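Shared between the two complexes below is subunit A, which has subunit B as its partner in the first and subunit C in the second.
Take a look at the complex of A and B:
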């Protein structure tokens, strides 16, 4: 228990430090790299909660591929953010108040991993027993994701598919339009 | 494109193991952490690494954009097709149990196929996004 507390405190401190430096930095590349580091720390926190599947996804998608895509898109951005003009007092105050309310509410949450907490009593026992007896797959996450919640996963795949197609269409139309403009210019000349 | 020999040699050495690890994550998702989403991203990262080091043209020779788009759509199609096949066999949409001899075998087969579909779509969407971002040239000619 004590070791877990130390590890969690270490990770939270790192996260806070990264968040603070994210606020201070104006360079876009630092922002991208720090966001990636933040995702990696979040993945480590999921591991301390024994959610290895989520940690794996966070490390692969959040820290890995989204960083690469941000870097690829960064070539079209200015190197530095513009300096802020507005006062930061009201956003800071609202963040502090919201954070305080959330921390206050968290005292009422049941202890993490407590078997008798409501969330572990509703559907979870059915899924755990069903995954073993009906589906026969040791990884409960996969059996929930692919079988019990197959509709939701289908929806997720369609969302990814649509998003990919939308970005492709947006970027390719621009290219074709420019070619047409070039041709018109050449014809006019 | 990088001329640095260390980068080029390391990329060539790493390419196959990254894809092998992606396939492991894909097909071992029933037994350990992992599944289609993570595996797709890992396999895509191998192709993106190749494109970064050897240039976009070499990367598109490895995986032509047309093949990329077809595979992108095929993954989502595979998932939906499994659902409709189970409907044709007289069960609700995405009830895999009719696919095999018994309940468990059908569920195993169905989960394996739809996870493969998920991996295919995620992998190809990521590669297509990277290609279109790095091939896009704004503020030129106009």
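Take a look at the complex of A and C:
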């Protein structure tokens, strides 16, 4: 019996509990803090699944920076989600059907941790050998990220740059908006 | 038997988490809640990828002197590293859009926004009619 699997199963069940309470709450600050906790437990899971680089990125970026972004946005937004009576039958039904199909398909997925599953046979061994011989960096993830898939990472930087410009241009006019709206109303009258 | 059940348990919970995220995105009318739903969906997809890359008895893919060490698959880790950072960029953009929507419409509930749009549409039609009438005179 594998102890790692038990820890994984426990942590993933904890995440399910957090997601359930996210479904119920209507307070915005509670939602933000729960999302942060969700990311942190995901980071713990990444450590037990041997993905240390992903774990510290998730802890710093997912649990840290995005929580700060949510809190900063909260300053401009209403504090409570409004309670409305609307039918959630169709969304719930479609999610349940899609989830059932996915779970049905999961019987075809390889068991967790099996070394002979197809994903481990192709490409990954080449990278592990090549990292030592061609590039000389002991951390395989770094050598793939910065060398084998360097253009991909470059594209990622462009995406972040574009997003940063878009955020700045969107937020530039927030204070002017209210004056504009007043003018518009006077014009229409 | 129990081990194989554990082997599939993770996948099942990850799929349920994905569906909870999807439900929050399409079922809730609050725009901020929708972004939170997207974040949850995203993190569960990351978990699925990382789970697929795990090898029992393996360690993190950092090379050691010992040649008999088993390493977990590094490729999903790299893909997810990129996805996490891009995900935070899209979250920031979405939040900026929501803040802007709130400053113009005064609400982030979907019903209010579409009601506001309807009123605006009728107002525009009325002013258009008035200006046409004035021009014809």
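Everything that follows uses one rule, which is that the second predicted complex is superposed on the first by the 167 of 189 C-alpha atoms of A that agree within 3 Å, B and C clash if a C-alpha of one lies under 4 Å from a C-alpha of the other, contacts with A are read in each partner's own complex, and residues count from 1 in each chain.
The rule is simple: a contact is a pair of C-beta atoms (placed from the backbone, for glycine too) under 8 Å apart; a residue touches a chain by one contact, two chains touch by 3 or more.
Worth saying up front: this structure is predicted, and the values here are computed from it rather than measured.
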Checklist entry - In the superposed model on subunit A, is it clash or fit for subunit B and subunit C? => result fit
Item to check | subunit A: partner with more touched residues, subunit B or subunit C | outcome: C
Checklist entry - First (subunit B), second (subunit C), both or neither: which does A:91 touch? => result second
Next on the checklist: Going by the contact rule set out at the top, does A:76 touch subunit B (first), subunit C (second), both, or neither?
Outcome noted: both
Next on the checklist: Quick check for you: in the superposed arrangement, does A:167 touch first (subunit B), second (subunit C), both or neither?
Outcome noted: both
Next on the checklist: With both complexes overlaid on chain A, does A:132 touch subunit B (first), subunit C (second), both or neither?
Outcome noted: second
Checklist entry - Who does A:49 touch here: subunit B (first), subunit C (second), both, or neither? => result second
Checklist entry - Does the superposition put A:3 against subunit B (first), subunit C (second), both, or neither? => result neither
Next on the checklist: Just checking: does A:147 make contact with subunit B only, subunit C only, both, or neither of them? Give me first, second, both or neither.
Outcome noted: first
Next on the checklist: Quick one: is A:115 in contact with subunit B, with subunit C, with both, or with neither? Answer first, second, both or neither.
Outcome noted: second
Checklist entry - In the superposed arrangement, does A:68 touch subunit B (first), subunit C (second), both or neither? => result first
Checklist entry - Closest pair of CA atoms, one in subunit B and one in subunit C, after superposing: how far apart in Å? => result 6
Item to check | Set intersection of subunit A contacts, subunit C complex versus subunit B complex | outcome: 52-53, 57, 61, 65, 69, 72-73, 76, 138-139, 141, 145, 153, 156, 160, 163-164, 167, 171, 174, 178, 181
Checklist entry - What part of subunit C is in contact with subunit A in the complex they form? => result 2-4, 6-24, 26-30, 32-33, 36, 39-40, 43, 46-47, 50-64, 70-78, 80-82, 84-93, 95-100, 102-104, 107-109, 111, 123, 127
Checklist entry - In their shared complex, at which residues does subunit A touch subunit B? => result 52-53, 55-57, 60-61, 64-65, 68-69, 72-73, 75-76, 134-139, 141-143, 145-147, 150-151, 153-154, 156-158, 160-161, 163-165, 167-168, 171-172, 174-175, 178, 181-182
Checklist outcome for this item: So, in the complex, the side of subunit A touching subunit C is made of residues 1-2, 4-6, 8-9, 12-13, 15-16, 19-20, 22-23, 28, 31-32, 35, 38-39, 42, 45-46, 49-54, 57-58, 61-62, 65-66, 69-70, 72-73, 76-78, 81-82, 84, 86, 88, 91-92, 94-96, 98-99, 102-103, 106-107, 109-115, 117, 119-120, 123-124, 127-128, 131-132, 138-141, 144-145, 149, 152-153, 156, 159-160, 163-164, 166-167, 170-171, 173-174, 177-178, 181, 188
Next on the checklist: Under the stated contact criterion, what part of subunit B meets subunit A in this complex?
Outcome noted: 25, 29-35, 37-38, 41-42, 44-45, 48, 69, 72-73, 75-76, 79-80, 83, 93-94, 96, 103-104, 107-108, 110-111, 114-115, 117-118, 121-122, 124-126, 128-130, 132-138, 140-142
